[in-house]
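Should a chain be cited, it is by its letter among A, B, C, D and E, assigned in written order, with residues numbered from 1 in that chain.
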Amino acid sequence: MSETMSGKMNRRSFLKVMGWSTAGATLAGCDLPSTVTLEEGKEDVVSYLMPEEYVIPGVGVWYASTCTQCAAACGIHGRVREGRVLKLEGNPDASLNHGKLCMMGQAGVQGHYNPDRITSPLMRSGGNLTPVSWDKALALLEEKLGAVNGERFAWFTGTISGHQAALVDNHLEAMGSSTHYVHEVVNNAVSRAVYQDMLGESNPRLRLDKAKMIVSFGADFMGASVSPVHYAGQYAKFRTNKERGLLVQVEPKMSLTGGSADLWLAIKPGTEAVLALGMANLLLNKIKVSDAGIPADVRSLIDSHDITKVARITGVAGHRIQRVTQLLTERSPSLVLPGANAEGQAQGYDTVAAIMMLNHILGNVGKTIESSGEFPFPQLMARQGGTADLLAFAEAAKSQKLDAVIFHGSNPLFTAPASLGLSEAMASIGFKVAIAQFPDETSMAADLVLPVNSYLEDWGTQVPANQGEDAAIHVQQPLMEKLHADTRGFGDILLTLLKQRKNDEYAQFEDYYAYLRNAFAAMPAGVKNNAKNNNEFWNTALQTGVIKVASGARQLSSKVVSFAAPAEGGAGLTLIPSPRLGLFDGRHANLPWLQEAPDQISKVVWDSWAEMHPATAAKLGINDRDLIKVSSAQGNITLRVTLLKGMNADAIAVPLGNGHTDYGRYAKDLGVNPLQILDAIKEKKTGELAMYGTQVTVKKVGPADDVSLVRMGASDTQAGRKLVATIPVEQLRRTEGS
Amino acid sequence: MSLDNILNHWSDYRKGAEEGGHHDYEHRWAMAINLDLCIGCNACSTACYAENNLAVVGKQKFEKGQAMHWMRIERYWDQQELEHPEQGASFLPMMCQQCGAATCEPVCPVAATYHTPDGLNAQVYNRCIGSRYCSNNCPFRVRYFNFYSYYESSWPQPLEQQLNPDLSVRDKGVMEKCTFCVQRIRTVKDKAYMEDRKVEDGEVTPACAQACPTSAIVFGDTMDENSRVAKLWKKHQVERGVYQKTRHAKKNADLRGYRIFEELNVDPSVMYLERVREDV
Amino acid sequence: MTMVTEKDINEQIAWAKINTDVLKSMENPRPAYWVTLAVCLAMISTAVIAEYIQYTTGMGPANLNNPHMWDMYIATFVFWIGMSHSGTLLSAILHLIHADWRKPIYRFAEAMTTFSLMTAGLFPIIHLGRVWNMYWVLPYVSDRGHWPNFRSPLVWDAFAISTYLSASMLFLFVGMIPDLAICRDNTTGWRKKLYTVLSLGWVGSDQQWRNFRKIYLLMACFLIPLAVSVHSIVSADFAMSIMPGWHITTFPPYFVAGALYSGCAAIITLFILLRYFFRFEEYMTLPIMEKTCKLTFAIAMVWTYLNLVEFASVWYGHDIYNKELLIAKATGPYAWVFWTMIFCGSVLPFALAFRSLRRHMPTMFIVSLGLNLGMFFERWMIVAPTLSMAHEPHQWDVMWGSIVEWAIVFGSFGWFGMLFLIFVKVFPSVSMYEVKEMVFHRRRSQGEEDVARMTDHAKPATQEGT
Amino acid sequence: MAVNNRLINPGAGFARAGFAGMLCLALLLMSSVAMAAKYDVAPPSGAYKGEDVPQPIEFPHNKHVKENGINCMYCHTYARRSKVAGIPPTSKCMGCHKVIATDKPRIQKLTKYWEDKTPPVWKKVHDVPDFVHFTHQKHLKKLVFDRDFPVENVKEVCAFCHGELENMTVAKKVKPLNMGFCVRCHIKNKELGAPGDCWKCHK
Amino acid sequence: MSKRRMMALFSDFDEAHAAIADIRRNEVPGLTVDDLTMKSPIEHPEVEEVLGDRPVHIQKFTLFGALFGLTFGFLFLSGAQATFLVQPQGGKPVIPLPSNFVLMYEMLIFFGVWCTFFAFLFLSGLLRKRPTLYSEKVSLDQVAIMVEVDDSISDSLKNLFQKHRVLEIREEAV
């Protein structure tokens, strides 16, 4: 790959190819043939030194790779022309995303070409980070990591998988440590725990496409979730099935998925379990579905949740609950999904368990919830994260149990609630290394920053935690030469780290590319799909970007775990720090396309804002676009409010993403970060952070202002026009059959 | 020559849209967008930014209404009277509808926008003098004007390396709009020409249709009867041409296909399929 | 009740006095003149700075945006085009119908026509995104085989305005030739040289007068349909579109009426100013003022009628977009502009129906300014609300312009003022030869036998009103 | 055919000389088309006096083309496969010049480039603006391959726009390559299917 | 025989009128009305009673200009449209009659006006050198009669002028 790129056109000539300057435009308008506007000898053109046969100037070539914009790891194709990657699209060979790509994936190129990337190693000296050479940086690493006690060393990453994950494990082992904090703000860690306990598998396949009805308890599966493109593809099938699927979304704040629901119900935050119990009550006691496998304590909990009580607590009308429950039995198989709102409570585990119990009662397990099988390469599987590790890390840092930490792919200083006191705690860690692409909060607090290649210039393998129809390893290959001379691949850095510890073992690998070639060669023949030799296997893998692996068969169990009686929601306003498909947990705040893409529901751009129900706002004397102060016990944030009916009256939502104090020109000092004011409540069973459990008070501090809060779209209604026409499903059945 | 030409082809030159216009169309690119599948996720819009060198204008200019999103997702709330939007939102991907009888065309003083033999509503950036009449006469409001020169501000180095060399970066004073990714059409047509064959259905996919996670957007050539889009148009009995024609063509009023502002007789090339609602 | 019939002009006025009075008005500007000119120049320079900003940075600083691709620039363009119609009306129509009371006032009205056209012509250029390519709208020979789009009302505008500008300038110029000869004969220095060139060698021979009469008649015949067509074409900029509030059949007559209306209002304003500053009381007499006012009132009622027709047809029509827009105009954010327009355009002109008011110059001055304001708002109400509330509700927006935009709009008034101020000091703003003709014919028609002795300087010029 | 007949505007001549001139021009055009019947392509007309462009290596086109009879597409190999003709990769030069004329200073310079692994930075001589979509491959297909024009004589077709490079050393622009130049040729060759649609070239 | 140019200034039109009437009645032998020119500060169509009908040709040029504008307009527009087929149609014909008529109308007036103007310049003898025999009074309030006569009849002509209370007679030799 890198050979093909060596003869790329020189950069200046690109600029000229692209730039349509004012002067050019003006001259181009000139009409007289005598004043020829095209000058010869002004532009440079650099020939290839020795081109590959398939590289033709002026013709774009698509290369397969893997997206790392979120943890889903979709397969991508990148269009490369004259040595530059221009556009990313989904890889049709990847069964995870079937050639589709979400907005975050599309914007990957902007991360790659971002003007604010770190372009050389930075070392802290005299309080400031100053550029140093790699030699110096590596020498410091060698010195510091050599001196550290293995037990006081840790890695802190985001979701990580594939061979990089294996190498991280190896490095930890070489260091004599076992502490690998994996942190993701957008996660389903609590659900995974429940799945593990109830189904015997933490990442079962959720077959939305097989369901005839979905009841989602705030699962924003098409929005900011663990694999949005995959589930959106399944949703499309769910909707276009012979019998059009019915989506009921129950959540306190309308999510992207909620926007597409047939029935959207605003539930009081924190009362999801009550509703689930109420529905179970109806199923068992009214519809008389069998209660096989339900423990007695749970059964009595169910019986104590009669419909009137449930309706009162949750704020969901009784007849709605009855109707939805009725439909669930009529439209089998169905699927009941727990979402972030259900998980992020002090009793998140109980809530998810109550919700998943419905699947058990309805007999969905095995029908719409399938086993994802035994993945044959456990060492490559994704290390999925949550917020528990963040809390653990903060704890460890505070109690001074860490001397050296390497950060990669996660930004805990941004995502940690201020109440954890992480920034102070981290100061106690003697040596903090950030392997980072951007100057984010965490890397700017590190003692040593190693600039890493973007995923479009790097080698790697990714294993999606939630696999598509076929289990696969996704290959990540550089789509172009490094943009900045002084950045290095993550795998290469890992190898360097390992060579510093166990040189004899890793000296044979010149670089990560060599390591991967070797690792691929060592893969069992079954995976190689009858490739004649290792080279052919390698080339095929690069070409398709996907190595399909047959996963071993496995059966799901379906048992209901015991759980405690659920809480009944907070008394005041509950803060919902909602992640958006786009800026996600804030990692994409530096991508201007995503900042300029309006929020799907509230249509706000380039800002942070609070969403409230008009009735709540009226009670508090707040008008649309007012400046408000949202205060929790931990602090407050000041931002503008946008009134949205897609809210429960007891909730106030502040989307995540903005509020960076560092992160390049597009993100810095824009908006506020609601994570900062979260209470550090722990989920009782899993130790995750209960992100949706913070009670806040809201006060108006400033008048409405049209200019400060920018919303796309002038009208909330179609004003009598036939823009989005709607038909009842019966009509669809009439015309297109069912 | 002119006089000859006029006399010989007079009747041709007097043909309007009703008789198919003066073009012998090579293609008539069209779309069908299933609103029941549109989840409003913005993937299409972002893909459009990536493909078509769209400028990012920033908060202030966005506030002024100077954003450049060729493809925008409009979000409407129906059932305003309810306390909560119980049927969710209504999303509408809106881009240039490539009208057959486009109102933007006849008003351009310099013929910078015109109809191509591909059935596209072309915008020749170099010819545009920025009178903005086209945009004023567009009922869909999908033409975007370069109120500033965005080259420096929108693509600070090295972001400009991402720019697609297959189409221009527009400078200030120029109108622009969705082109159905004409550069992709052009590439595919060139390829087909080099291979002495016709363009196949599915060979051209605009960035938005390509990206759409739910495949709500179907793109193709309505002149190719076997194309997916032609079949969809036919199935939903939406015909090209003016309102009266279409209305009479529609024998089954229950069918979901419709075109926005059909009554304005602009003959859009985008057919939407109605969103389906199930009352619970 | 007996009405005192006053004479339009004192026919006893001596011809030499006419020459002296008018020529005197062209000399020795008073301080007030320089101050006004300086104000105009200041307005122009502000506008030039604004235009420079706009030229270098794009149309953005004018706060134009997606729904409001046009705004005050086009409204002001229409305003000035409308303003230009009065000169033609007074001159050509009244000439054709032999209403000789036009004679003392048509010259400045025609000058106003030309200058407002020159002002109006700037706006389509200013509002272009790529000004440097504006010549592309003209059908010129190109190596590339390009032509403009003759279907576009903007191209019609280019044709119509250039035709109208050249025709009205010619009309003004031709009508001024005998006066320029007078100037030539009574001046020295650079003025003499200028007038010698401009008078084209006019000597007043019978052959010249005969041809003069013909060309004047012919041009008047051309100008009337031209004037009507020009504003119809300007209305086509809107009426040819499909936008609600623009796509209206009555627009051409409505525009023409509005044009004549605003033109007449401006004539009254300038009439009063000239009369006051140049002491033209003997020429710009109250009876002429009254006639102008009556004409204005008549046109105001035509305009009001057409307005009501438009409202009614929209109200009873089936076009929901149009109807919505009408309601929004009257009740939405632009309501104050709309109702000011209605007040100034339809209520205020009733002041013209009162003789005592008509004859009270300060009142008339204020009323005429009110009418002008109303007509300016009318143009605003044509352009802006449609754009702010068209078919697509997602793109609705209300816009109030920016400093840059308003600076250019105000600057256009300075530009017009400057042109007019230069004109009144360089060219005779009252037609001397025609006033003489008027006096001559009036005397003759009254059967005065003693039409001789026009050189009798001894005869006192009766002060009007005494 | 019906389309092509009417695609292009010969109207530049129209206003150029009024009605009479129009008719004359029609005759002229027809006759010029007739004269070009040998190739059934009417080559574009127009001349331009280009500047001398200094190049890192003074490449002698005449030696390669005229004396050695090397086909244009041997070096500019992308012309038939892409929109750009491409500058030959250094490896291609070295293919011959590893052994041929290695004593010449120019070749030594070339060898230095090769050894340094830095291709020479040439200056673009024939350039169309960045907003123009011009494809060599389609022109070659239409003018050479589809016409059964002898490929060995392709230089005659190349010369339409690039001039007679066999008589030049370093390439020099001798045709204007502006829009009028393109359009005039497309008008003349409308029978051959030269398109007149703006969006064929403007991007 | 030598000739001389004479200019007689009258204080008003009626006297000049009477003088011309006398000349018309051949009161000065060898001089006809066709030889004289009247100059006046304002237009006096009444003078035609005695000067006789002198033809005016401007309107012919006007007609020509108007017709030219009309035909040229149509041919030009449709010619350009028919050869420039990227004409943005918007579903309308390539040669749209309504808009072409509008432009033809404008061109009719445009060419009409300019032809008329140039005809005026040409036919009124403007843009020529002014005769030296000229009085500024003519542009003020006096009426002049210009005549070029043989010396032989100059005296009788002067007498005639005197009879009509001429204010001043200027003469110059040719």
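Criterion: a residue touches a chain if its C-beta (ideal position, glycine included) is under 8 Å from a C-beta of that chain, and two chains touch if they have at least 3 such contacts.
All values reported here derive from a predicted model rather than from experimental measurement.
Colleague: Looking at the contacts, which chains touch subunit D and subunit E alike?
Modeller: A chain counts here if it touches both subunit D and subunit E, which gives B, C.
Colleague: Need the most distant chain from subunit D, centre defined as the mean of C-alpha atoms.
Modeller: Checked the centroid distances; the maximum from subunit D is E.
Colleague: Where the centre of all protein Cα atoms falls, which chain's Cα centre is nearest to that point?
Modeller: Measuring from the global C-alpha mean, the nearest chain centre belongs to B.
Colleague: Using C-alpha centres only, name the chain that sits farthest from subunit C.
Modeller: Relative to subunit C, the chain with the farthest C-alpha centre is A.
Colleague: Taking contacts as defined above, which has more of them, A-C or A-D?
Modeller: Counting C-beta pairs in contact, A-D comes out ahead.
Colleague: Return the distance between the CA-based centres of subunit B and subunit E, expressed in whole Å.
Modeller: Taking the mean C-alpha position of each chain, the two centres sit 62 Å apart.
Colleague: Centroid of subunit C to centroid of subunit D, CA atoms only: how many Å?
Modeller: Between these chains, centre-to-centre, one finds 58 Å.
Colleague: State, to the nearest whole Å, the distance from the C-alpha centre of subunit C to the C-alpha centre of subunit E.
Modeller: 30
Colleague: Whole-Å distance, subunit B centre to subunit C centre, using C-alpha means?
Modeller: Chain centres of subunit B and subunit C, defined by C-alpha means, are spaced 43 Å apart.
Colleague: Out of subunit B, which residues touch more than one other chain, so two or more?
Modeller: 2-3, 5, 9, 12, 22, 67, 72, 74, 76, 92, 103, 106-108, 111, 114, 126-127, 149, 165, 168, 172, 174, 261, 266, in rising order.
Colleague: Find every residue in subunit A that makes contact with two or more other chains and list them.
Modeller: Answer for subunit A, listing residues that touch two or more other chains: 17-20, 25, 28-29, 33, 713, 715, 717-718, 721, 723.
Colleague: Pull out every residue in subunit E that's touching 2 or more other chains.
Modeller: Within subunit E, residues 75-76, 79-90, 92, 96 contact more than one other chain.
Colleague: Every touching chain pair, please?
Modeller: Once each pair is checked, the touching ones are A-B, A-C, A-D, B-C, B-D, B-E, C-D, C-E, D-E.
Colleague: Can you tell me which positions in subunit C touch subunit B when the two form their complex?
Modeller: 57-60, 63-70, 124, 127-131, 133-134, 136-137, 146-149, 151-155, 158, 237, 240-243, 387, 390-392, 394-395, 397, 399
Colleague: Which residues of subunit B touch subunit D once you look at their complex with the stated criterion?
Modeller: Touching subunit D: residues 1-5, 9, 12, 22-24, 114, 116-118, 120, 122, 124-127, 165-168, 182-183, 186, 190, 193-194 of subunit B.
Colleague: Would you pull the subunit B residues touching subunit E in the complex into a rising list?
Modeller: Against subunit E, subunit B makes touches at 2-3, 5-6, 9-10, 12-18, 21-22, 100-108, 111, 113-115, 266-267.
Colleague: In their complex, what parts of subunit A are in touch with subunit D?
Modeller: 6-7, 10, 16-20, 24, 28, 33, 36-51, 56-59
Colleague: Touching residues of subunit C toward subunit E in the complex: what are they?
Modeller: Counting only subunit C, the residues touching subunit E are 14-16, 19, 139, 145-147, 149-151, 155-156, 159-160, 162-163, 166-167, 170, 174, 177-178, 181-182, 184-186, 200-215, 218-219, 222, 225-226, 229, 233, 236, 433-434, 436-437, 440, 451-455.
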